[in-house]
Structure formats: C-alpha cells, structure tokens
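Note that the chains are named A, B, C and D in the order they appear, and that numbering of residues resets to 1 at the start of each chain.
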C-alpha cells in the first residue's frame, strides 16, 4: 500500500478536520502518500483530488466544517456513477480509501467495495450519533454543546417572561441530541418518538408544570407528531395555549469542535490508517467503551442504534 | 426623595441585570431605598413589589434576562390600568420610578407622568437599538455578538457545502442588528429595507457571487420584501434557486452580557438615580459620544433613529 | 431511610450543581427529605445545614461552582473533628450522606463510616479525573474544554509571532488534562511525567520543530521536571532559548458545565440516591463504559488511575 | 497611486484580520494593487512581500491573530534599518503604506516618513487602548470580553471557596482594560495607578468587604505597587492575609474578534485606503464619537490618553 485517499461526505460535522489531519499525519509517519478527495463522492467522480501534506493540514484542528468540502451526490447512487468513481481511483493510483460520514456515505462505500473491489474503510462523521458500532460519532459532542448553549440563552428570556417554548433540535430520526440536550438543560419535557406518543400527554405535562412559569419543551426534528411549529400550532388550536417556537437549525452543525470531538476524530483517523495497513476493508472504525472497534459497514445502518435507557429515565426523573 | 422603584418592561435584554444592580448600589450609596417591581407594568398594577438590597443584586451581573421579570401589558394601555398602577405607587410610598425598556415602555411612562404626575425616568433596554437619544441601547452589543457567533458556525457548514443561506436576525423594523452583523460576518448581502428595494437586485447579486460558492444573505425580520422564508421561497419560485433558511430567533435575546452592555447598563443605572436626585423627570437617560444625555421620552419614539451611513457603505464595499 | 444529606468538598468542579439538583429531584421523587451541608466537612462540623427543595435547586444546572460551597477542612482530618461531624448528623436526623469530591473527600468519608458507622456514598467531583472506578469525573470535561479554548486563543498570538510557549494546565499529579488538551490543541509536545524524563529530549524536540515557527508545549502542574516557569527558565539558561509562559490557573475550575458534565453529574446524583435506598454504603458511584459502577471508597485512591495509552500514542504520532 | 502596502506590527490584536481584509477589498474597488508585508518592520527590511487578493483575504474575518504575522524589530530602530526598509518599498514600486499597530509602530512610521518621505498612514491596532486620537483601538473590545469571561469563571470557584483573588490583566502602563473589566465583573477593587496609591488602602478595602466572602481584586500589569504576585505576597507578609493569584496572560491577545473589533477594523481599513487617495500622510486614522478622525502620528504617543472618569467613579460606586 503506497497511496491512500480520504474524503468527507454527507452533512459536515465538527471534528472532521481533526480527523483529516490525523489521517494525514499518521499516513505520513507510516510512509504512505495521502490524497484528499474534494467534495465527497461528487469529487471522486469528477476527479477532484489533491495531495495532503503537513502544511495543508496545519491549523485546521480547531475549525468547524471540513476543508475537504462535502456533498450529497445523486449520481453516485447509480452504478454508472460508482463505475466512474472507481475508475478515477485507479487512474490516480489510489490503493485504499477512508470515507468519513454517515449511513448514506457507508452505503455508497459498501457498494463501491462490492462492485469494484475498492479497499475502503468508514469512519463515523455525523452530528446525529445514529450509527451502530460506536458509542459516539464525530461531531455529536459539539452539536449537543452548541444546542445546549443556545437553549441556556433562550431560557434567560423564557424565565423573564414566564413563557412556553418549543425548541427544535437536529438529529434526523434519532432522539440522541434531543435527549442529551433535554437532560443538560433541565427541559420540562423532551418530545421525541421514544417518549411522546400522544399530544394529550404533552398537554397534561405542560399544565402540571404551571402556566405562569417558564416551560421548555425540546422537540426532535422529523418526529411523527410533528416538529416544533406543528406542536405549537396544535397546542394553540386544540387547547388555546400560546407558545413561542425556536428552530436551532444549521448552527448546530458548525463551530469549533469540543475536545471530545477533536480527540475522537484524531483517534479514529489514526486507527483507520492502521486498519488499512492491517488489511481491513468494508468496515467502520468506531469506539466502544474506550476501545477501537471494527464493524461491517452494513451493520452500521441495519442495526438501529437505541438512545440509552438512562437518558430516558433521567429526563423523566429530574424534571 | 426617600424611596424609588425600578422595573424592566417589554422584551428582555442582556445587561438589564447589571442595570438593576447599579440602580440598587447607587441608590444605597445615596441613602435611598429601592423597590423592585416584578413583571413590568403588569406587576405595577398588581402591586408585585419587593425590596432590593445588596444580597438580592449580588451575582446577577453576568446573567442574561432580568431578575425583575418583564411582560407586555395590555391593561396598562388603558387609562384605568394606569390609574391602578399610580395608586400602587402611592400606596407603597414610591417617590420616583426608573423604567428600563423600549418605546412601548417609554410611551407608558410618558402617560403615567402626564396623567398622574409620577416622577419617572426611562433607560434604554432593548436589543433592537431603535431608540433616538442614545448611541446604543442596553442589550444590543450582546445580541449582535450572539448572532455573529451563530452565523460564524453556519458559515462552517455553508462553506463545506457551497450553499446559499438566508439567515434572519432580530431587530423589528430597524436594520441595526442586520447591518452590524452583516459587516461583522462578511455576508455577501444584507437585505433590510435600507438596502433592498427589489428582489431582482438581490438575485443579480447572488448570481454575481457565483452559485458554486457559499453565499450568505442576512435578512432583517419584518422587512417589506419578507423575512428569510419568504425570500427563500421567492428565489425558488421565480428563479429556481435552491437555498437554506435559518431563523436565529430568541437566543439573540439571552446570554451573558458583553462588557459593553454591562458597563452601559451600570453607567445608565447610576446616572438614572442621580438624574432623579437632580430633579429630572419624563426623560430617557442615554449615552452619546461617550457622554450622558437626557432626552424627553416622547422624542425617543418620534424621532426615527437611522442606521449609520458608514455601515451601509461598508456592507456594500467589503463584499 | 427518611432524610439524606449531600455536600461538595475539596476543589469545586463544574457539574456539581447539576449533581446537587439531581440528588434533590431524585430524593423528592423517592419520598426522601434532602439536607444540603454548606461548605463541605467544615460545614458538617459546624452544623451549617439547609433544606434543599425544587426552588433552591432551580436554575443552577448551567452554573459553575457549587451552590453548597466547598472547603478543605483541617479539623476533619483529626478524630475529634469527625466525632463532632457525626454528632451533627445524628442531631439533624440524617440517615445517609452523599459526598461529592475527590480522594481527600473520600478518605474523610471512609473514616466517618469506619469510626461512626455513618452510611455514606461518594461521587467523583474533581476536574483532575484522577479517581479509579470511573471513566470520567464530574468537571473534567469542562476543564479540558476551557483549557483548550484558552490555548486556541494563545495559538493565535503564538502563530502571529512565531514564538515558543510553555502553557501550564491543572491536573495535580495526574496527566489527564495535559494529555487530552495536548491532543486537542495539536501541541508540539506534552510535558508530563508520563512522557518527559529528560530536559534534553524536550530541547531536541523543540529544535526539530524549527525555531522560526510557533511551538506550543503543554506542561502539567507539579511534574518532577518542574512547571512551565521552571522549564522556560531551564531552556533559557541551558540552551539560550527564549520563550513565553502562560499558567492557565483557576479559570479551569469554573464556567458553565459542558453537556457531558451536566449529564454525568445528573446521572451519578440519581444513581447515588438509589444506591443508598438499595443499601450501599462506603462506595463511590462511577460510570465505566456507559454503565454505573460501585467501587469501595478505599480503592479510589489506592489504585492509581492511568492515562489511557492511546492518548500517549496520539500525542506522539500526530505532531 | 497604483500600489499600496499594508502590515501589522507590535503585539497582535483581534480584528487585525478584518482590517487587512477591508484594506484589500477597498483598494480593489478603488483600482489599487495591495501588497502584504509579512512580519512587520522586520519583513519590510527583508523584503517579505506578497500580493493580497480576494482569495487570500477570504475566511479570515473571524480569526484572531494576523495573517500578515507581526514582530518587534530592533533593526528598524536604527537609521540603517529604516534606509533598507525604504529601499525595499521603492524596489517593489510601493506608493504608500498602511501600518497597523501601537505607539512603537507609529514612531517607526513617523521616522520612515520624516527620513525617507514615505507616504504612510497608521491605524490603531493594539489591545491596550492606549492611543490618543481614537475612542477605541482594534482588539481592545475582544480583550476586555475575553478577560471578563475568564474572570466570570474564576468567580465561580472564588464564590465556592470564599477566597481572596488577585487577578492580573494586560494593558501595559494604561488602566483601560483593568477598569472596564473591573466594572464588568463587579470586582471588589481595581488596583491600577489611577486608583491605588497605598497598600494600606487596599488592605482596608479588603477587610471592609469581609474575609469570609469572595473578594476579587483586578490588578493592572506593570503598576507601581506591583503586579498580582507582588500584591499577594505583600498582603501575606504585612497582614498575614492568604490569597490566590491568577495572571490571565496571553490568551487576552487572541480569540475570534467581537463585532465591535471586526467593524472597527473594517471601517478603519476602508478609511485608511481612502485617506491615502485623498492625499493624507503621517496621520493615524481613528474613530471618535462615531466619526473618522485624522491625527498626526506624533500626537498618538505624545498625548497620554486618560481612562474615562466615569469608569473610575463606577468602579468605586458599584462595589
């Protein structure tokens, strides 16, 4: 193995730059050349490749986003796109690839391996934490701290006015962000599909809290009962309850990564390079209970990762 | 003069607590008793008064929101409500009042003075900075820094994806926040009524920027051409241009105040107490060019404060 | 069991307030009364007890420090002091105690149990992370993020000037903070006793880095080769190498806790109450690999906890 | 005028990058070429020049430090050094220069103009705010916010322990930072030469505060009565008073600039380019009372700027 490539794909996540830096530094120490693919699978198809070295990866550790850019690529979902991508890898003499992203990224990686025999390893880079095979994904810790800091600010104004607030956090179909943030902010209720089955239950909970005081309900995006706007509207229409809405939005994706995300990104980057040298392919590198793990790419999306039971209990217990 | 009262009203703003603390400390040094009215004009009508002392105002300097709570009070807009409020002030032996808030607060104060002869002074507490008679209002500096920090994070992800973003900031009908934040974040365009008269102009500007790279448009709330959602939808419908939207929302009201807001809040609090002792009434205490100013309450909302010309020029020049 | 007490002792740590709140909320749900002991063991001896309820523990979750105050208490190290403390517990009808702190706190708790049969459980509250029986201590995550954010700022100026900096972080005799922060900031060297045995090695490393560019050396406090000032002076005297020194100091103890510290503090607080109800005593409640653990107090200081090997490797590999 | 140069010199300050960006963007709009001189006067002597364009100045607005590097240059203090520097400017066809820094930088600029007729304009870039001719210098607002945020954290631990703290902030011989930070943090005393003439006065003040509670004394660096360490030692030796010391240090120079520093840096950058085109030379561009000002370089250091009287009064009044 002489030359490897690394890229980021799907939603960007804080810590991806620490990860890229670690891949470059480790590969350098192991005598490998490293190519950065710009813009995820779209860049792979188009041949947007650049050499990574110490200078290119200096001073990026503390920056959000990804210096390699990212994208969601339609073309790669078709066999023709993947064939073009595989040809580019051959053309540039790339022996193995590290793909940092989420389940869409890994699904693409899996097919690239299955159809074209590309040696490829995945690393979990997404703020959503919805990947089996690792306790935490790169970017999750920063996202929950960003959301929590924003909600701490909203609580100032909610307290001053004694208002009911519905605050929507990211997390796609997984309730990780909402639950951790709910416990961390002392929210009066966390409305995700794991906890909320009935709008009446939520109403009773709000009433029990007292309408004169501040009430904060954390809402996961994409839940069956609707997001923050829907819940607010339903409360108004069905019970005549006025409320304010805040959608935290894209700021949760950015910002300087926390220590955990930098160290996790760095550790998984180093481990990914070494895993390639040890002959691994078609697996995701994760961290469970403090140890490095290797899980087949397919399992990362087939096994649905569950929100820890203790978070559900704490959110209920500590109100 | 033996006993004065202080309250906060309208939207809460960071620095109000530093202001309350300064009123209490200064009054104490001047031999006055201080009463805190809880919950703005609603609390005044209801007689929610409490004695403020050193202990009550300790450790609040660095906190967002207002320990005296706030509200928007319908009842006070009617003469009957104001009569009840004036009776409460008499009943509690209050000789003069300091009202911290925005134009609605000052309008109420003006009528309380005109109808019932209440000695009352206003201090500018609002994140919107839309009050004549002061360079800056308490809370504005924190709000623009909070918004800027959030947009710095969004830029991480916008850069990584090469996306067009419409980001809506607060400011009601005034473009102050949008313009300062636009210059501070290097936004490609700031869409407020001072700058934007035509959707076609905005489109041409975005096109000129190049559709492959990140483009950030800061949008003021309540502008005639619509907020961020409306602009995004129009761009899609009229020109087929995809974009993302972020409404920064209520987090802009909260958070630990900046040094400027703490010092301004403290300075105006001390000056308000001394102004009462010097016989002032029915004026707002402001700061212009570094000096304390006294402006009749009526002028604060009758004279529309303009966004400084240099901000409009910089936003255009530095793109 | 009807009435339990909780206190914080030794150095304060962010997350202690989340912990206190969780103890109060959980105990309330379990039908127990909760007493807060003010000022650690000194307060226990002096009988500074206060009832904790929902209102007392509201709005403290996001604050650094500890609302129960803390101290280092000489008198409690003597049997007489402990006898007085035990008498106060009896006098106030306290059936069991939760002690949040570090090894000194646990040592005191152990003797209180051994000599007076007090039912007592420890919870790990220290920024140093130097306690066996838990992956992380309450406060550690905030401390490493605070230190990292400060060093990110120093790097701005170090980069601008091309300087050599020795930056000293906390951690007593343990290298946890230094190692995590070193990896997170991309420091050129981390000088703790686990890595540094010889000043000449450090000099060679600095030289290899190149004297024209910025070099950051993270130094643990209390290391055998000296702190940051000593290393700077030695480099000057022995090799004529100029450098700057920064001691991050007490700011590392404070600040709003991170999500991890809030959630860990909350989880261990709830678990401590339930452990008392299940009959546990003389153990520390920790979290290992995501699960709650119970370890005899004595083991927390007798088993020296080691810095994870992977951090030592990453610090060396990623420079 | 066809080609201008810009450089940063002396201590770096947050906002310098916003300033550099504004010089480049404005010059571009005015049809001028812009050269960046790397490393201040040392780079001018050595001929380290590089062309600045839109790409080089993209994404630097929110970063601390200075992308043009900086230095303190011995050689430039001698006529020979200045001659070499002037020759480099001629050799590179540079018609005029913008020098961002403090009094040392301006003194150098003054001589370069006097001895070699170089057209040169200064802009105030220093965290110390000790330059006449401008209300605020670029970097000052960030520095006081950074120091205040750090002291907010220290107050958590000071409160928890009831300790006396001496905290030293930057500011060279000027008390600006100490006074603004003292008012913003509610410090019990601010010890700078403007306020402190006698150690006994300080002791009495501390005693009056009560030894059981937290007491924070902000100390300016380089004061006649000594820095924080000296005051702490004197208090111990003379009065047997134990205390803790924190030197905030170099972190005060770095970090992402506040809105005020970004906007001030941008505004002065645009104004400096336009001032050159209008024929100005040998002046510093400042901002007073919201308007751009032009003051002869010599006056910036000959007129000693005073800390505003109102800060001295507030610090005394609000304790």
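The rule is simple: a contact is a pair of C-beta atoms (placed from the backbone, for glycine too) under 8 Å apart; a residue touches a chain by one contact, two chains touch by 3 or more.
Keep in mind that what you see is a predicted model, and the values were worked out from it rather than measured.
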So which chain is farthest from subunit A, going by the mean of the CA atoms in each chain?
-> D
Distance from the mean Cα position of subunit C to that of subunit A, given in whole angstrom | 29
The distance between the C-alpha centres of subunit B and subunit C, rounded to whole Å, is 40
Please report how many Å separate the Cα centroid of subunit A from that of subunit B, as a whole number.
-> 35
Residue numbers in subunit D touching two or more further chains are 152, 155, 159
What topology does the chain contact graph adopt: line, ring, star, complete, or other?
-> ring
Chain pairs that touch, as defined at the top of this document = A-B, A-C, B-D, C-D
Contact footprint of subunit A on subunit C as seen in their complex = 18, 21-22, 25-26, 29, 59, 61-62, 135, 141, 144-145, 148-149, 152, 155, 159, 180-181, 183-186, 256, 258-260, 262-263, 266-267, 270, 288-290, 308, 310-311, 313-314, 317-319
In their shared complex, at which residues does subunit C touch subunit D?
-> 8, 11-12, 14, 63-66, 69-71, 146, 150-162, 165, 244-255
